[in-house]
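Some structures are shown below for you to check.
Two complexes are shown next, each including subunit A; its partner changes from subunit B in the first to subunit C in the second.
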Partner chain A sequence: MYKIAYSEIYNLFDRIKDVITLFLPAKNDGAVSFSKYESGTRYEADALNTVRSAKDFFFPQTQNIAEFKISGKSIEILQNTEETGKFAVFGVRACDEKSFGILDRVFLSEPSDPYYNEKREKAVIITAACNYPEETCFCTAFGIDPSEPRGDVSTWVSEDFLYWKANTEKGEELTNKIADIFERCNDGEIISIKNNIKTAAEKLPFVSLNLDYWRNTGEKEIFASEKWESVYKGCLGCGTCTFVCPTCQCYDVRDFDSGKSVRKFRCWDSCMYSDFTKMAHGNPRKSQKERFRQRFMHKLKYFPENNGGIFSCVGCGRCLKSCPQSLNIIKVARSVAADD
Partner chain B sequence: MTENLVPSVGVITDIRIDTPDVKTFRVVGRDGKKCFSHMPGQCAMLSIPGIGEAMFSITSSPTNNDFMEFSIKKCGCLTDWLHSAEAGQEILIRGPYGNFFPVESELKNKDLLFIAGGIGLAPLRSVINYCRDKRSDYGKIDIVYGSRSKDDLVDYGEIINEWMADGGIDVYLTIDREQEGWNGHVGFVPNYVKELGFNTDKTVLLCGPPIMIKFSLQGLIDMGFDKTQVYTTMELRMKCGVGKCGRCNIGSKYVCKDGPVFRCDELEALPDEY
Partner chain C sequence: MRIESDIILGKVKRLVSDGKADRVFAWKKGNFCYDTEPSLFTDNYVGFTYDDFCAANLCKFMINESKKDGKTLVLIKPCDSKGLALLEKEHRINRERIYALGVPCAGKIDMDKIRENGVKGVIGIEEEKENVSCNGDENLIIKTLYGDKIIPKKSVLYDKCLSCTDKEHVGCDEVFMPELSEDTYDGKKFEGVKKIENMPSDERFSFWRSQLSKCIRCNACRNVCPVCSCVKCIFDNDNSGIASKANSDDFEENLYHIIRAFHVCGRCVDCGECSRVCPEKIPLHLLNRKYIKDIKELYGYEKEPALLTFTKSDAEPSVIYERGEKNV
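Entry: the complex of A and B
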């Protein structure tokens, strides 16, 4: 393990930037988002969650697939050859890092998605432990330890130091290139930081979320629960929850006709939208109740069913903050499971 | 294996008008050869840039080595466009997607009962012709096929001239209402199946509008069939074809990858959302 005086943190960013393109949480128009680091960029160390999650790096909001030129009855295909360069992301929280593993199960399962895979391979993930978890955080309910974030490199911050530990080959490679900036230290130095985080996390209001009902009840039974009749009420179908969610990955494939050519691209979509499943002959999810049910059934039942019991939620709390109607996964998970 | 969602170019070499709203499109690659091989029940994504992309079952049998056929009903943006296309038109195609009817395992050496309604014959035609071409691998074949009217029976010519002429195949046709020039059976498919009263040792392949599937399945159960003997094929909105875009699920199963072919007992275990 290495450490560097916290006062030197911008020297660290500058050194990383010289080796690899660096992104970190910074303020843009008042909101914190992962931004490209240039000298002078201010790192928002205290912001826990960026407004949008880190999934953007691997599953961007739009992804070009191909371009078609049409003349008369014939069609020419120009395959998209955009490439992503190597990059590092600093300040990824334990919850977002965990979400990559969930997205991997979708995009890297057979047949794997080459666009996602390329970006995943090019990235070096540098995580940051959460010294002060927020009231909306409930990652520990999903077995995530905010004091022990993973990724290619893990970092912890004390009053005086930033601690740095490489976990993977990619992490080692980056560390070796900038090793002279650090001093070596003992793992024992961060024990009290970790303990403080654990203690803080235990006191959060939603970490006691009990998911036994979702684990132990069949999908058909939960689907048919009368609770859905009331729990969805208020949902505007705006889709904000799906866009800020680090594990939501549904997408649309669309064409953009520029007049000269047609570009085929994929973009984020939301199961909360009325036309998501609409077909020429009808729509199997006719009302917001069905669409709302789909989103939570997917995260808490269908995904675990297909992935060895792993829930498709990491407890980042973004949906708690962003829903204009204060509907969120905690409310739904509890209400549907309630005995009354 | 990877899936980059990029299609290849296919050419429509022939368009057959089957009914007032169904045309069958013959498709080959630019090199004149079949675009890819498939198994009966599998699907392909067809698209026209700027118009749309949708999943269609491959109507032709895998035993046809020269081309693929798609029987397509005119009912939306893309299908409207295709219905106005002419031979020689290039289209985009990717696939094959999904699972298939277990023609090389569970269906082998069985007596087969095909039940189809309307355009629901499209996916079953692939299986029927596969079984006809490998006739000694299967037992007796019965086909019950119905549509709104005589004019709505898809590829009536092949049914009359080829299927009915084969030994060991019985074809029973029905239409919903009386019609001039029709001497055959009149009535809905589920009732006709009951009237015909088949032996319950057959394996059933069932496809048609959801309401027809529902009543036919109930009828079969009343007759003594078990759900494990009945296979059907589903259709929902799809974008990727490989279980990632997230919209064709019925419960935890994706129709594009875990289907489109389901055994009815498997389907019954899933939430009723189709």
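Entry: the complex of A and C
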């Protein structure tokens, strides 16, 4: 394990930037997002979550796939995907890091998705432990420990130091290139930081979130529950929850007619939208209630059924903060499971 | 005097038992003190609340509710009432099936503004009973997992509350205890617009490009807007040729917002919901408020829907062109 004085943190970023393109949470016109680090970029160390999650690096909102140029009777097919260079992301939280594993199950199972795979391979993930988890955080309900973030490199922050520990080959490779900026230290130095985080996490309001109902009740029974009738009432049918979610993975493939060519691109889809999974015969989910139900069934039932019981939620709490109407997965998970 | 949720609920119950309505659309308490959600109460009032966190505008839900048999009682704040009146004027709701109960408003609290004070782990928010701050404004005690913090209430009200010029209800069936409404206007309604108007055009262009490029096309601004009441939005219509969930390039995001702004032009009731719901904090209300200001200055209309009101003295388009050239 290594450490560096916290006051030197921008020197660290500058060093990383010289080795590899670096992204980190920074304020962008009032909203915190993962932004490319240039000298002078201010790192938002206090922001627990960026508005959009770190999934954007691997599964961007829009991904160009191909372009068809038509001239006369011939069609030229151009691959218009952009090359991704190697990059590092600093400040990924334990929840977001865990979400990559969930997305991997979708995009890297055979046949694996080349766009996603390429970006995953080129990324070095540098995580940050959460010193002050928020009331909206419930990662512990999914077995995530905010004091032990994984990734290629893990970091912890005390008042005086940033601690740095490489976990993978990729992490070692980056560490070796910048090792002279650090001093070596013992793992023992971060025990108190970890303990403080654990103590804080135990006091979080959703620490006792019980998901047994979702584990033990049959799919059809949950699907048919009368509770859905009331829980969706306040839903606007906007896509905020799905677009800020680190595990929402649905996409659509669309054509953009530029007049001279057709551009085929992939974009995020949202089960909240009226044309979600629309097919030739129409839309299988005609009402907002059905579309709303789909989101939570996917996360808490269908995905775990198909993936050895793993829920497709990491408890980052973004939907708790972002939903314009304050609906969210906690309310739904509890209300549908409630006895009354 | 404080607005008490129980007194409002008492009134609601009396109205329902008097046969004024069959069900109630209001707000329900959440997991925290601040996450109230719009909710339909049919047979009981479990969780009913009306407090400083009931910012959501309920009037648009009336489009669907008023299609049902019987009557829905809906709680309407002063800012919401303008939206409800517009929905009625545009025949989007069946007004006879709605009982609009105007409720007083002393401004609503924006959790994002509280968090901008560096507050984390909020577990409770109380109004300070003693030690009213020197300027007479109330203070909030924010209780968190990491200690308490005192913040003046006025500094964390929604922007839409700070630009709320009057707390008058329009078109409600009844207004309950309006005397409890409090003035929250900061006197700066058009300052944001003026600031942008005074920018050189390239700076203005890059301001909006930068703001609108944050857009994730969640459509929350459109879905929450009481004026955006098309049965099928053109952006949801596959046959329109411009339907888009995401965009093939970032200019389309800009286009979406500009088209939306023009479509609600002259009809926008300035309820501020578009900016409240935006997860990326794009100041969308500034687009709307720009033409509210223009309509006021060019045509003199403020409360009447400009597009439904014509007089021979209305400014000719040439006047507007002239004015536009000055700003280039």
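Keep in mind that, in the parts below, the second predicted complex is superposed on the first by the 334 of 340 C-alpha atoms of A that agree within 3 Å, B and C clash if a C-alpha of one lies under 4 Å from a C-alpha of the other, contacts with A are read in each partner's own complex, and residues count from 1 in each chain.
Operating definition for what follows: a contact is a pair of C-beta atoms (placed from the backbone, for glycine too) under 8 Å apart; a residue touches a chain by one contact, two chains touch by 3 or more.
In this text the structure is predicted, and so the values were computed from the model without any measurement.
Participant: Subunit A superposed: clash or fit between subunit B and subunit C?
Facilitator: The answer is fit.
Participant: Let me test your reading of the model: by the given contact rule, A:C250 touches which partner, first (subunit B), second (subunit C), both or neither?
Facilitator: After superposition on chain A, A:C250 lies in contact with subunit B alone.
Participant: Pick one for A:E135: touches subunit B only (first), subunit C only (second), both, or neither.
Facilitator: Only subunit C; A:E135 stays clear of subunit B.
Participant: Between subunit B (first) and subunit C (second), which, if any, makes contact with A:N216: first, second, both or neither?
Facilitator: neither
Participant: I'd like to know which partner A:P284 touches here: subunit B for first, subunit C for second, both or neither.
Facilitator: Once the two structures are laid over each other on A, A:P284 reaches subunit B alone.
Participant: Once the structures are superposed on A, label A:N28 by its partner contacts, choosing first (subunit B), second (subunit C), both or neither.
Facilitator: second
Participant: For A:S39 in the superposed arrangement: first (subunit B), second (subunit C), both or neither?
Facilitator: In the superposed model, A:S39 contacts neither subunit B nor subunit C.
Participant: So, does A:S274 touch the first partner subunit B, the second partner subunit C, both, or neither?
Facilitator: A:S274: touches subunit C, not subunit B.
Participant: Does subunit B (first) or subunit C (second) touch A:D113, or do both, or does neither?
Facilitator: A:D113: touches subunit B, not subunit C.
Participant: Subunit B and subunit C, closest CA-CA distance after overlay, in Å?
Facilitator: In this superposition, no C-alpha atom of subunit B lies closer than 8 Å to one of subunit C.
Participant: Can you give me the overlap between the subunit B contact set and the subunit C contact set on subunit A?
Facilitator: 252, 257, 269, 278
Participant: Can you list the residues on subunit A that touch subunit B in the complex?
Facilitator: Result: residues 65-66, 68, 70, 73-77, 79-80, 106-107, 109-115, 117, 219-220, 223-224, 249-253, 255, 257, 262, 264, 266, 269, 271, 276-281, 284-285, 290, 294, 297-298, 301-303, 305-306 of subunit A touch subunit B.
Participant: Of all residues in subunit A, which touch subunit C in the complex?
Facilitator: Residue positions touching the partner: 28-31, 33, 46, 48, 51-52, 61-62, 64, 132-135, 200, 203-206, 230, 233-234, 236-240, 242-244, 252, 254, 256-257, 263, 265, 267-270, 273-275, 278, 320-322, 324-328, 330-331.
Participant: Could you please specify the touching residues of subunit B with respect to subunit A in the complex?
Facilitator: Of all residues in subunit B, those touching subunit A are 1-9, 49-53, 75-77, 79, 86, 88-92, 235-237, 239-240, 242-249, 251-252, 269-274.
Participant: Which of the residues in subunit C come into contact with subunit A in the complex?
Facilitator: Interface residues on subunit C, with respect to subunit A: 28, 30-32, 34-40, 56, 111, 118, 120-123, 144-146, 210-211, 214, 216-220, 222-224, 236, 238, 241, 243-248, 273, 276-277, 279-282.
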